[in-house]
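By written order: A, B and C. Residues from 1 in each chain.
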Amino acid sequence: MKVILQGLTKKFPSRNKKSKEEVVAVSDFSFEIPDGKLIGLLGPSGCGKSTMLNLICGLEKPTSGRILFGDDDVTDLPPEVRGVGLVFQNYALYPHLTVLQNILFPLQNLKGDKKMTKAEMLEKAEEVAKLVQISELMERKPSEMSGGQQQRVAIARALVKMPKILLLDEPLSNLDARLRLQTREELRRIQRETGITTVFVTHDQEEAMSISDMIVVMKKGVLNQLGKPQEVYDDPVNLFVAKFLGTPPINVFRGEVRGERLFIGGEDVLAVPGVGDRPVYAGIRPEGFILNDNGAFTCRLTAVEVMGRDTSVVSTHPSCEGVNIRSIISAENLVDASKEEVRFDLKPNKVFIFDTDTEERIRFGVNGRMGEDA
Amino acid sequence: MDRNDYEKIEKAAARRKRATRTVTYILLTVWALMVLFPFYWMVLSSIKSYSSYNSEYIPKFIAEYPTLQNYVDAFTTVPLGRYFTNTIVFTLVTTAVMLVVTVLAAFAFARLEFRGKNVVFAIFLSLMMIPNELVIITNFQTITKLGMRNTFAGLILPSVTSVFYIYLLKENFEQIPEELYKAAKVDGTSDLKYLLKVMIPICRPTLITVTILKVIECWNSYVWPRLITDDQAYFLVSNGIQEIRENGFGRENIPAMMAAVVVISVPLIVLFLIFRKKIMAGVSRGGTKG
Amino acid sequence: MKKSNFKAWLYLLPAVLFLGFFMVYPLADVLVYSFEEGYNSASQTFMGVGTYNYRYVLHDPYFLQAVKNTFILVIITVPVSTGLALLISLGLNSIKKLKELYQTVYFLPYVTNTLAVGLVFMILFKKTAYTDGMVNLLINLFGGKSVDFIDGPYWAKMFVLCFYTVWVVLPFKILILTSALASVKQDYYNAAKIDGTSKWRMFTRITLPMISPMLFYLIITGFIGAFKAYSDAVALFGTNLNAAKMNTIVGYVYDMLYGDSGGYPSYASAAALILFAIVFTITVVNLMISKKQVHY
């Protein structure tokens, strides 16, 4: 089932009683989630992701805007009739019930023609337990299971009603690193097998990029960018999105465009056709550096970290916004760590420039439609 | 200092430690005896016959000819059985109704959103400071006017709410993660079903604490029953024992009186010995006396 | 929004009704009663409004006796019981063997019926034609003379009342202080030991400050509880406390309300409000002192 959000806005009364100001958690949010896709809703903590999720599942009512599931407007419907499944960060399993009882709980609430017999419920529960591979844990209590197992139970409980939409709130962040990798593959598999349209919220960009069909990057309640993970990474619309995606993160410099050339710290480092003279932020992805003794861009070398496949060159530059510049180059290039300076050439498609006030992207010849900023 | 000096110091320290511990144990035992002695004395006196009790100018510490006659007297000469059943009915009904009332209110405060919630809760909290002595006067008048003297309704109704227990339960309910409530909402669970199926089972330890405390309070309550009942048919054990003391067995029959005291004390002591840990934990969380 | 409002109030309804009827309304009513002069229970009429009830109560020798008794009881039992409880708790915390047994025994008075066990105390202290009673025999053993603690001189009766009160209130205090003492982290003591701190200094500089919040809690609740003393006195001396000169303020309130001398809710209300004023003042003073003293 596809989900359409139209101009969705949610305001909360301010916690601080003195100021009457309202807190805008979600602001004029519009997008369409195609049927059967896995969508990663991505943003730093406090950006309104969880509110978004609560709006979609109906735990909160939007201040304005509409929510459509397929062709049905569900904006005013309570959660239980929307047909959504929700998995919480801390799993929210009922601690006094066994795994089986936890999974059965949603089914026991069904009323009217959806009502099931005991046998039907058990069959359903077995089926979904098999899907998430917890069939042998059915009699345990949540406290007797590992985090990963609890996570599966939570997913099973959300899936057992055969929801039209599955919503996951930071589903992996309570797991340790190894389990997280494994579980995200697992999530991907379950989503593929069931074909349920799934939205999952995370602040971990790597997690979002690795399994999502599409990612939505949010900042302070506003949709910043929406697209396939690689597209968003390769073509961020603003400095925030560029900074938010990628590990190690993008390196940001203060620079200036003069005569369609980008200058950083007085050095002419790259041609930027079609951009007028102005101060800019220049973002350079770690993989955008090419080691070259005669390169145009000079940095002060701090350290060289060889990590098998890649070499990470750590350096500094007075114009850099961050403390260090991290560049990743192939390990075949030997770097003399005793040198004080290191020089690079830049890959034009890995360099993005942004307006210093609005932080919006300024596109230039190579990596964008020319002159869009004008 | 050579090795011998060290040994001497060590030995002296050990001796001092042993002495301190011995004194501690002696003092603790003395107080334990002080606590236990009245209990021992009441059991002892209750199995002495009327004549042997009164013939001992210097009371003996054992009963030479133990008898259960006093227990028979306690149940036949005075309506002790009646007092007993009254107290059981009073305790069970009061506790049950109180649990329903306080759980519902605590749930509303802990989970539901409504206008004026904070104000109402603040009023509830401020009621916690009102001593019972202040409101008991009007309640006495009210119950009298309503013609509910010497009825169970009159005995029970004024003590079925406790602001303190509402507060205790609310705090406990709020510790249940909000996600559980949200999860239940998404599954279409009604508030009442959530309360019954999720909150109450999870908060069972606190509910047991509250129940135990209320049972103790009911079993020992004296003042209100005394004001509201003058018909022996509605006396609770506390009033009963006072009645026995004052008009009792026709004569100063102390062994029979002690038998009644034993009978009244035993249920709570048994309850205590069974739920010792729970009761002590519960009292330290929410009880006051004295 | 409206619907959820309505539902929430439905859950609250029983509690609100009961509290309104048996607490809020009586609170207003007791004030009214206390200022209605010459209120007649039977005809429910009164003659005027004023402070006559208060003046009557404050001049009533029975009330003054009750106030005196209550104050003596408070001044003796609160420090004695708190100090004794602290001593016993320190002892309990320093031992390992039999600790639970002692704790269980010490807690027993909490779960007993005050009225019932009071009778046992009465026969232990009472001097009758048949026997001088256990306590007097003990006194004789040490060469003292028998005293009738129940029907005898004032100081003897007061002693029994205080003794029984302490016996009754100790379990709660021991329980609270034992857990407070146990929650003081061993690290502090270890650190102090390394510095060569003496035991007494450890007690005054570490233990006392650390348990001071609980200690003050006990003192405050102890004051409130002792001011409300009543059933202990009834258990020892019977319901006619005025005759025994052993009445307490609460006892006076109830006697004014009901019983042989009863039927005067106005006097009872005035006395109850005076009691409330006393307790309130002392609690506020206590809280002010504890704010200065409690270390965190």
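The criterion applied here is as follows: contacts are C-beta pairs under 8 Å (C-beta built on N, C-alpha and C of every residue); 3 or more make two chains touch, one makes a residue touch a chain.
Everything numeric in this text was worked out from a predicted model, so none of it was measured.
Centrality annotation: B (chain centre taken as mean Cα position, compared with the mean over all protein Cα atoms).
Chains joined by the most contact pairs: B-C. Inter-chain centre distance (chain B to chain C, centres taken as mean C-alpha positions): 16 Å. If you average the Cα atoms of chain A and of chain C, the two centres end up 62 Å apart. Separation between the centroids of chain A and chain B, computed from CA atoms only, is 57 Å. Against chain C, the residues of chain B that register as touching in their complex are 20-21, 24-25, 27-28, 31-32, 34-36, 38-39, 41-42, 45, 54-59, 100-102, 104-105, 107-109, 112-115, 117, 120, 124, 127, 130-131, 133-142, 157-158, 160-161, 163, 166, 191, 216, 219-220, 222-223, 226-227, 237-238, 241-242, 245-246, 252, 254, 257-258, 260-261, 264-265, 268-269, 271-273, 276, 279-280, 283-284, 287-290. Residues 54, 57-59, 78-81, 84-86, 88-92, 94-96, 105-106, 109-111, 157, 161 of chain A are the ones touching chain B in the complex.
On the chain B side of its complex with chain A, the touching residues are 177, 179-180, 182-189, 193, 197-198, 201-202, 204. The touching residues of chain C, counted against chain B in their complex, run 4-5, 7-9, 11-12, 14-16, 18-19, 21-27, 29-30, 33, 41, 81, 87-88, 91-92, 94-95, 98, 102-117, 119-121, 123-124, 128, 130-132, 134, 137, 165, 167-169, 171-173, 175-176, 179, 221-222, 224-226, 228, 230-231, 234-235, 238-239, 250, 253-254, 257-258, 265, 268-269, 272-273, 275-276, 279.
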